[in-house]
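Sharing a structure here in structure tokens format.
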Amino acid sequence: MTDSFAGILNRHIQQPEPIITLLTDFGTRDGFIGVMKGVMMHIAPNARFVDISHDLPPFSIAAASFLLAWSFRYFPPGTVHLCVVDPGVGTSRRVLIAEACGHIFVAPDNGILTPLFDVEYGTSLTAATHQKFWMDKVSHTFHGRDIFAPVAAYLATGVKAGDMGETITDPVRLDSQPLIIQPDSIVCHIQYIDRFGNLITNLDSYTFRSWLRTAGVEPSRLIITWIEHSIQGISRTYGDRNPGEFVAVFNGFDRFEIAINNGNAHKTTRLTMNDRITISIP
Amino acid sequence: MTDSFAGILNRHIQQPEPIITLLTDFGTRDGFIGVMKGVMMHIAPNARFVDISHDLPPFSIAAASFLLAWSFRYFPPGTVHLCVVDPGVGTSRRVLIAEACGHIFVAPDNGILTPLFDVEYGTSLTAATHQKFWMDKVSHTFHGRDIFAPVAAYLATGVKAGDMGETITDPVRLDSQPLIIQPDSIVCHIQYIDRFGNLITNLDSYTFRSWLRTAGVEPSRLIITWIEHSIQGISRTYGDRNPGEFVAVFNGFDRFEIAINNGNAHKTTRLTMNDRITISIP
Amino acid sequence: MTDSFAGILNRHIQQPEPIITLLTDFGTRDGFIGVMKGVMMHIAPNARFVDISHDLPPFSIAAASFLLAWSFRYFPPGTVHLCVVDPGVGTSRRVLIAEACGHIFVAPDNGILTPLFDVEYGTSLTAATHQKFWMDKVSHTFHGRDIFAPVAAYLATGVKAGDMGETITDPVRLDSQPLIIQPDSIVCHIQYIDRFGNLITNLDSYTFRSWLRTAGVEPSRLIITWIEHSIQGISRTYGDRNPGEFVAVFNGFDRFEIAINNGNAHKTTRLTMNDRITISIP
């Protein structure tokens, strides 16, 4: 009787729906993202897709890495995060699966996943070499569709990373400049530039608050310096400054940034990725 | 027996899927929309998301208000409409829930929801003050993720607005210029400018047809005037005029608009939001 | 007993979810796509939507036709493909349903579906004339919402094309220039220009490889010519050439294209749709 129940239910009822997020530099104009979803729907018919961004600067591995490391934590455990920024398409760079923090990541082995490699996460890495999880025909120019999409979809159906290739321990790492934290200053670097030209650094609010407690100074008295320019004070929100003025703030990414209220700090300062910004006690 | 049925079914079967629409000025480049969906998927795992627009002019409350009031009626009753254009993020502006026409709306209390405040809708308004329906940690710069998204998701799961805060009756209202309808003319105002620069007014076709019956004149004889410029006739479709010519038409929003066939009326006329356009009998 | 099962199951269990893809030139800024989805969710509540592109050049029937013919094959059989690029909106151009290759297509009868008309597909065509499958009120300017969306949604629920109108055999066809294949050369034409300005032709890799076997020449020795310009060699990937150089390659669409590595071939060459490119043996 119960068997009969189960039989009918299994034939009729949907399984829980896995989530797959997508982060690429493919744009949304030429149909690439839709086609990747079509490929995945064959393999994981009930997967749900969430687009993170497809309008990253072409080949910007660092920008993709930043957005991925920030965004994944807002999704339920078990989510598969597919990230394809792939200057090495058509070469033999590896296809990487990372399992970290209860999430699964698929990306080219070009450094995108670097923020997950720290030991604190207990990350395990697999090179997805087994071609039975790829499309039958693999092009030289669109591995997003032919390799990365099917690998992500099989992971979403419950296939284990270990069944798709071999464990590796030597992934390509993205160089990054560490925070320099001293009693009277913090040196941080630009890690992402958003669509408004806001300059977003690698300094998170937790690290900053810890430093601030030791430093014993009001945020409004701090001096923020880049090249030969400096401003005073870290604000709570953009609106604390007048339009056209620089504002230093902890933003929606939970990072320290330099912006211009109603302006474009990237164009005005000409600062760019990896450039240095210093916070110091006067 | 039936109980046993119900038990198995409840464990295995999906509940009906609530719909959440999203309308913001956050852009789609920086991952904000994806992260908001991730937050909502924790709370309402089977919610379905539909993007209305994320490329509104930044902080354009009036444009958001126009698109929201137009679009919501095309969705099934019970849909939750999440609208975040929020120049007051980080301040104490209220978080508004409106229930109107069988739909549920969540937005900052800055006037976006004004079209729903008319008594004809029987709208009830709630300030969502109960922080247990917000994220544990609320930033100063991204209430879309930290407050508005979880509030919308809880509403989608069936939590009642009344359980999330207090009824209010004094929402912030957006100023708008009313239609001026006289026997020989209608004065309307620009309420939205679309991506082609078409100038879309607050005159809907129902109001116009009522006036036209009384006026007893052919649409092709009417004079349309702005500043010192005027054209003759309201067309059925854009194609009724040659490329480069002005055309006056009732559009896909069901509103009266001035366009230039294959051109940009906004740039050419320099007319902008709230500017006046007059229709008159010659 | 089994009946009682079925009764309960039918009341509680979701039917399989049909897939509807969307391809338009409506942009994503003004809410048109969201509203079309809302209309379809009334009719086909469990349909899943996949966006192919909404940022095609306005009224570019040829570009839409190219993307549709390429993308549909990556979706599961039974998918409904809704394609609305509709310069004739408001006129009496027909609403076309095509059934081909196990897929269903809905589009204006303006040539978009031309690639499906070949006999090899066994395509059947229907003009969707029965207004009970349209919205009650049909505007002159937004048939995407008022006609095409509901027709696609009814098809997704299982309504037969034959119940929605009459079979036709005289669809509007898009003119296209055929490949000219000779023993020592192939003449192809530009059929799509992507967001990077890459010039994508009607020559697919299967046809090319067949020709190549007969020609008995290395791809690296071939001469590619347009207007008075020529380059030598077809590359495997973009990276085979230095930045700023022309590169000829078979791309992710599986088509022959001319690109400039890190540049814009469309702007540089001034070549455009339907222009000719020749591959020849030196």
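Note that the chains take the letters A, B and C in the order they are written out, and that residue 1 is the start of every chain.
We adopt the following convention: a contact is a pair of C-beta atoms (placed from the backbone, for glycine too) under 8 Å apart; a residue touches a chain by one contact, two chains touch by 3 or more.
None of these values were measured; they are calculated from a predicted model.
Asks: Which rotation angle, from 0 to 180°, best lines up the CA atoms of chain B with chain C, given as a multiple of 5?
Replies: Between chain B and chain C, the superposition angle is 120 degrees.
Asks: Between chain C and chain A, is it the same set of residue numbers doing the touching on each side, over half shared, or a different set?
Replies: Both copies, chain A as well as chain C, present different residues to each other, with under half of the numbers appearing on both sides.
Asks: Measuring from the mean C-alpha position of chain A to the mean C-alpha position of chain C, what distance in angstrom results?
Replies: 31
Asks: Among the residues of chain A, which are close enough to touch at least two other chains?
Replies: 5, 13-14, 28
Asks: Using the touch rule from the top, collect the residues of chain C that touch chain B in their complex.
Replies: Touching chain B: residues 5, 8, 12-14, 27-35, 37-39, 41-42, 45-46, 49, 58, 87-91, 139-142, 145 of chain C.
Asks: Taking the complex as given, what residues does chain C use to touch chain A?
Replies: The contact residues of chain C facing chain A are 5, 9, 13-14, 17, 19, 21, 23, 28, 48, 50-56, 67, 70-71, 74-76, 79, 194-196, 236-239, 249-252, 254.
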